[in-house]
Amino acid sequence: MSTTSQIINQAVKELTKPESYKDMFHEHSEGTPLPSGTVLAEIVDLARSILFPGYYGTSTINTETLHYHIGVKMERLFSLLVDQIMAGLSFSDFDQTAAFAAYSQTTINNEMRRIATDRAQKFVSLLPEVRRVLATDVIAAFNGDPAAKNHGEIISCYPIIKELTIYRIAHELWKLEVPLIPRMLTEMAHSETGIDIHPGATIGEYFTIDHGTGVVIGETCIIGNNVKLYQGVTLGAKSFPLDEDGNPIKGIPRHPILEDDVIVYSNASILGRITIGKGATIGGNIWVTQDVPAGAFISQKR
Amino acid sequence: MSTTSQIINQAVKELTKPESYKDMFHEHSEGTPLPSGTVLAEIVDLARSILFPGYYGTSTINTETLHYHIGVKMERLFSLLVDQIMAGLSFSDFDQTAAFAAYSQTTINNEMRRIATDRAQKFVSLLPEVRRVLATDVIAAFNGDPAAKNHGEIISCYPIIKELTIYRIAHELWKLEVPLIPRMLTEMAHSETGIDIHPGATIGEYFTIDHGTGVVIGETCIIGNNVKLYQGVTLGAKSFPLDEDGNPIKGIPRHPILEDDVIVYSNASILGRITIGKGATIGGNIWVTQDVPAGAFISQKR
Amino acid sequence: MSTTSQIINQAVKELTKPESYKDMFHEHSEGTPLPSGTVLAEIVDLARSILFPGYYGTSTINTETLHYHIGVKMERLFSLLVDQIMAGLSFSDFDQTAAFAAYSQTTINNEMRRIATDRAQKFVSLLPEVRRVLATDVIAAFNGDPAAKNHGEIISCYPIIKELTIYRIAHELWKLEVPLIPRMLTEMAHSETGIDIHPGATIGEYFTIDHGTGVVIGETCIIGNNVKLYQGVTLGAKSFPLDEDGNPIKGIPRHPILEDDVIVYSNASILGRITIGKGATIGGNIWVTQDVPAGAFISQKR
Amino acid sequence: MSTTSQIINQAVKELTKPESYKDMFHEHSEGTPLPSGTVLAEIVDLARSILFPGYYGTSTINTETLHYHIGVKMERLFSLLVDQIMAGLSFSDFDQTAAFAAYSQTTINNEMRRIATDRAQKFVSLLPEVRRVLATDVIAAFNGDPAAKNHGEIISCYPIIKELTIYRIAHELWKLEVPLIPRMLTEMAHSETGIDIHPGATIGEYFTIDHGTGVVIGETCIIGNNVKLYQGVTLGAKSFPLDEDGNPIKGIPRHPILEDDVIVYSNASILGRITIGKGATIGGNIWVTQDVPAGAFISQKR
Amino acid sequence: MSTTSQIINQAVKELTKPESYKDMFHEHSEGTPLPSGTVLAEIVDLARSILFPGYYGTSTINTETLHYHIGVKMERLFSLLVDQIMAGLSFSDFDQTAAFAAYSQTTINNEMRRIATDRAQKFVSLLPEVRRVLATDVIAAFNGDPAAKNHGEIISCYPIIKELTIYRIAHELWKLEVPLIPRMLTEMAHSETGIDIHPGATIGEYFTIDHGTGVVIGETCIIGNNVKLYQGVTLGAKSFPLDEDGNPIKGIPRHPILEDDVIVYSNASILGRITIGKGATIGGNIWVTQDVPAGAFISQKR
Amino acid sequence: MSTTSQIINQAVKELTKPESYKDMFHEHSEGTPLPSGTVLAEIVDLARSILFPGYYGTSTINTETLHYHIGVKMERLFSLLVDQIMAGLSFSDFDQTAAFAAYSQTTINNEMRRIATDRAQKFVSLLPEVRRVLATDVIAAFNGDPAAKNHGEIISCYPIIKELTIYRIAHELWKLEVPLIPRMLTEMAHSETGIDIHPGATIGEYFTIDHGTGVVIGETCIIGNNVKLYQGVTLGAKSFPLDEDGNPIKGIPRHPILEDDVIVYSNASILGRITIGKGATIGGNIWVTQDVPAGAFISQKR
């Protein structure tokens, strides 16, 4: 046996010992793969070309044949989404919850498919509303940037629209209690744009972020209408309480509330469950950990 | 009809109502698609392998056969670029400007192709100069980083070279008044490197940015030779005047001027049409909104 | 000859003049291509699916057939890696060092292949240890984020795990003195996550970074166990000494040391060869250039 | 210069001498490529999935959403076909015919696009009739093979249906005087099935060929309804008259006429402009060069 | 509405009328696609690389790591095959047979998956025997061709081995009563090699066909050991009895029996349920419709 | 362990027993893969686009930039061919011949690379002559078919040109004593066209075959200039002498000689080392095993 084969065989042996892979191995139920980044990327592409017809996708479409294209894409989106939600449910050990304790794996699979179908149907029904809100975001981005030439440029190029398209989809799936997939989606957007919005955050209409790289918006943030952020802004948690075992307690509101018409300049950090009042302006590079009254202007001392 | 089909058909119906898609739909002139991200990515790859032969592209080339490779790539780059410029012109409603009011669509298309060909020819002629300037950027990056081993490592790995290759191409297209494409290109670079340089910015030779993530350089910036930035630096606008309808006025100089030999440390923000004088140094994490004299050193108070 | 052909031929002529391409052209030894970004991406995918079985890769695997999958992937990883290390050695002018002065190209190639094989074998043997350490990073990320639901979500989504998987691989190759490839790998991770960790940095177990965009960790950093950073943190050099020719001196320790249990909040910059003592906490948006004692808490004045 | 480079450069030099490539080089009009085998293959796939919904193409379709799929495929088929007909017209030196002598290249291109669009529109309108006739061919294949289990098996597997789908499409394009493409299509079918039907041949309904390999049906054949052939049958020309320069005269009827209900067994050759009368049967492995009366049975003597 | 859109919409309307597509449309049970040519091609590739390790597939394998490769390929083959058998069963209206009359669709699906799994398991167990028989075919091809240099050339190039690999796989699936797929497989081989062997035919060991194009071997043929055919040979049916409705009666033995050691030269046709006795030789280009005694030599009269 | 895993593991175990795979396994020298069908297909595509510029390959080329395209393709063809010839030599156990008995594997590899480079260089030098001869074949095909419209149609569509392009390349490699690859190439052509020409056959200029399916031309055939065949013609061996062990003796002339200007009609078989004299015509469906004098006409009796 060659040295190389010996070394490979030895490494394989170590890496297949259960004690080696125990926390790093996901053994899914038979026939149920994990949610797939590749498939989610296709779902995002389908959603983009449905929401912004003519901007995404290769076809040259016109208003008379638009329904063919949206119909085909919608059907495929639905079909892919059902499988991905199934995979997400399966991943979350949904099938090992008490509700299913008495059932066979076949019964569980059928029930999970029913649930996945139901949530995918609801999601599809929400797309017209998602488009309506995204249209307000396009207007906000255009109004906020003197360098922008027209709405088409915003839709084609601006990272905030790429980000919000994914965030607003992910947020709907989050509200439908689809496990794992919302986070995978927003991390895909994070990688593409450098903007990290947790799918659990609540964000109003006419929202925009200029440039965007480095922005962080935490899980329990609540953002009103007509809010504008600049690059590098953090809307984060100040600290989080531990339970008696020293583990962080999940699900406590710990990120800021920004009321309507707030502006936050670049690299500012707003931390903790505080409220930035309607129309307040937060200057750049500063660190805010207490409530700011409506209409106030807070800036770095120099 | 199954429930799923009903739901899909209903969503398609809503999403194809003109009032739903009105601002989100790009219906292009017959046969003229939008500029394509995929094609632009190929154009960037071609340009990289022309500008840095042997570094990009799969072939193993040598000096004796180099001209074959550059010739083939140049011809393809030219051909793709003509189509993309056509698409950009078409997108910008160039064909609906007054100059064309009296002409048939066929005449307009022919004229747009003539213009696109002319601009692509000019662009091709500029590539040797683009390479010459990029060579100065490679030297600047090497001199600025003690961790760099050789020029080859800079060209192969450093995000600033990936960024500047695209920016310098996009800037030439911007000067040739090609619509939309320069912005699409720099946003591709932004996504890849986290550095956001507007294609309208003017940047001298021997320019470099260390690490780079989070840097923003605005549309009307003017940067001299031998300037170095660090990650997170913003060269932005402080505010922008509104016209009488409350909309931002486009095209006003509103970003800083950095003269030769300026250094700006990480996360500093320089805002507004101010001038940072020759050889000045701006410390990290600070907020600069007024002129800085030549040779000065400005830093965070602590 | 058409105008276009004339222009293309002229540009090709200029771009193939040796004085034009001299610093921008990599002419490798016959038959030895450069390390390839595409192949390195495949190596990363293989390593991920070996280290986290069931999370990456398309197959639905189970414990009984796991060894087949890891065996095939390991063999392919090994084979690709030998070629890439060869390419890296060749790129670094390793073959023109004094040690090889007396030898024919054939002898040199054989010797380089022997060295590449040896290093790839060592790398393969290290993978079980790499997995062991990554498991501690997963735990750190989970404990540090109240929004995380389970370890699987951390492995599937969190940028820090994507980043550390690549960094820890790259760091092993760096210690094996493989040229160029470690930097190419960490820049791939930088592009994906916005986190820029130099492969030469030394990082202990249970390490995590929250959100991550904009973080920079320099070449000579030394980080203990159980350290946590937030987005935008820089662990950088303050300045670097020049040699008598005015060039930066390479290889001098110039980045900070962070002892065990240190926390650094968002956008803080820690610069120079200083030591942040065990258990110290550095607040956000500040600039630290001097030693910080163990257990201290340093924050922005306001 | 290395020996290899010298040899390559020498061969390139010889192969780019005009006298070397003169008959082997197709220089098309600017911007007009040749018809493309790859695109024609996509057109065939689109046509198959329109004509036999559910059998070809990856989607799982149902009657309620069928129109979306057929609509999208039809639009793409139309768009690809217009370009391919353009390319075919251009290839055939259509643009150098007398009709165009007085026009500019731009005028010619516009006129060719108008013609291509017109023919593609006609083709699209013919598809329902093409499907109707193919349905009779499916029935004929099923009735003629005791091994067939159902119509679906015929559509999924039988080479005659693959062949006839392409032939019937190609024949319509032939009748629309589209140059080159009909022949390219039938040669694609020939390569796939071993059956060589010239697109100019006229073939009635309920036609089938069992097994098929080696069958040849010439350009001027006329075949009635309900005819069946077996593998290896030739319906060819016996000889062809030469013009005064010794070149074959094009376009003369020189292949057989098979009236309704004829059967021809394997490897029989029927040659020349003869008529095989209604209901005649031709035995295997024989050579027929004279008219056969209706109802006759002709077989190999032994 | 443009003329083109009108024409497309009209054609789509006609093609989606139920009376237009009625026999040409396969509407499968929900979620159950048709067997896929692409997937079957992958199954064939997997089987080839399992049966002939080192000849097919891209990896460079050796005896020490062979089990990894065969293991991975086998697991994937199994998984693909289960789905394809499911699709085949579904296609054959298996689920509408009397046996299932009383069950819900869910129960039927589960039962079909159980059956598909069972047949795929049986198939996997048969692969060692398939390899054993194919090894005899390799020897027969080598012994029968003076132009062959070694067994490796036979395995790499010879169409008969490509054909028999697929036929022997398809025949096992046929015996396991898998619907549709065996025919799809042998038609794939027919297209590749020009040899048309029905999967129902029974063929002994040490079988070979020289050149092969045009050979037809019918469903109920029985071929002994050590038989050799040449190109263009037909082993077909002479005629087939009709039932009282005039339809061919399915499943009746109607093709020849060839006993051991028979040779049939090129383009001979052997038709009907006749027996060619042990060791008989049939000359080229002849038509045989009656039994031939053992050891006889039959040839064309001239 | 699940039943499926048990069955798979058992089948893998049987299939990795050395006695199971012994003749079916190709274990190549370390790092030397088999010649690859995929790479050979790319070589054929490259050769086609070099020999027939403008007909194959996607680029729109013109005479002024033609040398770039041919240069790039030639360099890639050369590089791929060297590796394939290496693989072919290695496959043929060339390295285990007596000439190499005394050498190390490294020395053998270097020597094989030298030989492969030498043969690939010779091959490249022969391409201009290959193109010259193929031009005569195009003329022959055009003159022989009244249905052909122009030379371009012949080059684009006719199977005989596809076949002869590959055969003439394969024949040059055969004469250069490249192992295995010539046979792999002609079998690729056989699969595509149904025409089986052995690469060892010698074929003059102005050669054509009409339709072609089923034609067989054996290894030791010698064919003069201006010869025309029709579909289904066999130029084969009558029988072949066995050596004293009962194995066929390799390399004996055993196929026919066709002198200049011979025509052979469809499905005729010409067998054995006989000579068909200059200008003779052989009728269809007949069996010829004896010399035919110059100018004779031989046909089927009826």
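By letter and in written order, the chains are A, B, C, D, E and F; residue numbering begins at 1 in each of them.
Operating definition for what follows: a residue touches a chain if its C-beta (ideal position, glycine included) is under 8 Å from a C-beta of that chain, and two chains touch if they have at least 3 such contacts.
Because the structure is predicted, anything quoted here is derived from the model rather than measured.
S.K.: Using mean CA coordinates as chain centres, what's the chain A-chain C distance in Å?
M.R.: The mean C-alpha positions of chain A and chain C differ by 27 Å.
S.K.: Taking each chain's centre as the mean position of its Cα atoms, how many Å separate chain A from chain E?
M.R.: Between these chains, centre-to-centre, one finds 49 Å.
S.K.: Give me the residue numbers in chain F that touch at least two other chains, ranges are fine.
M.R.: 2, 8-9, 12, 30, 60-62, 65, 67-68, 70-71, 75, 194, 213-214, 232, 267, 285
S.K.: Based on which chains are in contact, what kind of graph results: line, ring, star, complete or other?
M.R.: It is other, because the touches fit no line, ring, star or complete pattern.
S.K.: Which chain pairs here would you call touching?
M.R.: Contacting pairs: A-B, A-C, A-D, A-E, B-C, B-D, B-F, C-E, C-F, D-E, D-F, E-F.
S.K.: Provide the residue numbers of chain E that touch chain D in the complex, in ascending order.
M.R.: Listed in rising order, the residues of chain E that touch chain D are 3-4, 7-16, 18, 20-21, 23-28, 30-36, 91-93, 179-180, 183-184, 187, 190-191, 194, 196, 198, 200, 213-214, 216, 218-219, 232, 234, 236-237, 240, 247-252, 254, 267, 269, 271, 285-287, 301.
S.K.: Contact residues on chain D for chain E in the complex?
M.R.: Chain D reaches chain E through residues 50-55, 58, 60-63, 66-67, 70-71, 74-75, 78, 117, 121, 124-125, 127-128, 131-132, 134-135, 138-139, 143-147, 149-153, 155-159, 192-194, 211, 213-214, 230-232, 266-267, 283-285, 300, 302.
S.K.: Mind listing the chain A positions that touch chain D in their complex?
M.R.: Spelled out, the residues of chain A in touch with chain D are 59-61, 65, 67-72, 75-76, 79.
S.K.: How about chain F: which of its residues touch chain C in the complex?
M.R.: Per the stated touch rule, the residues are 1-2, 5, 8-9, 12, 62, 64-65, 68, 106, 110.
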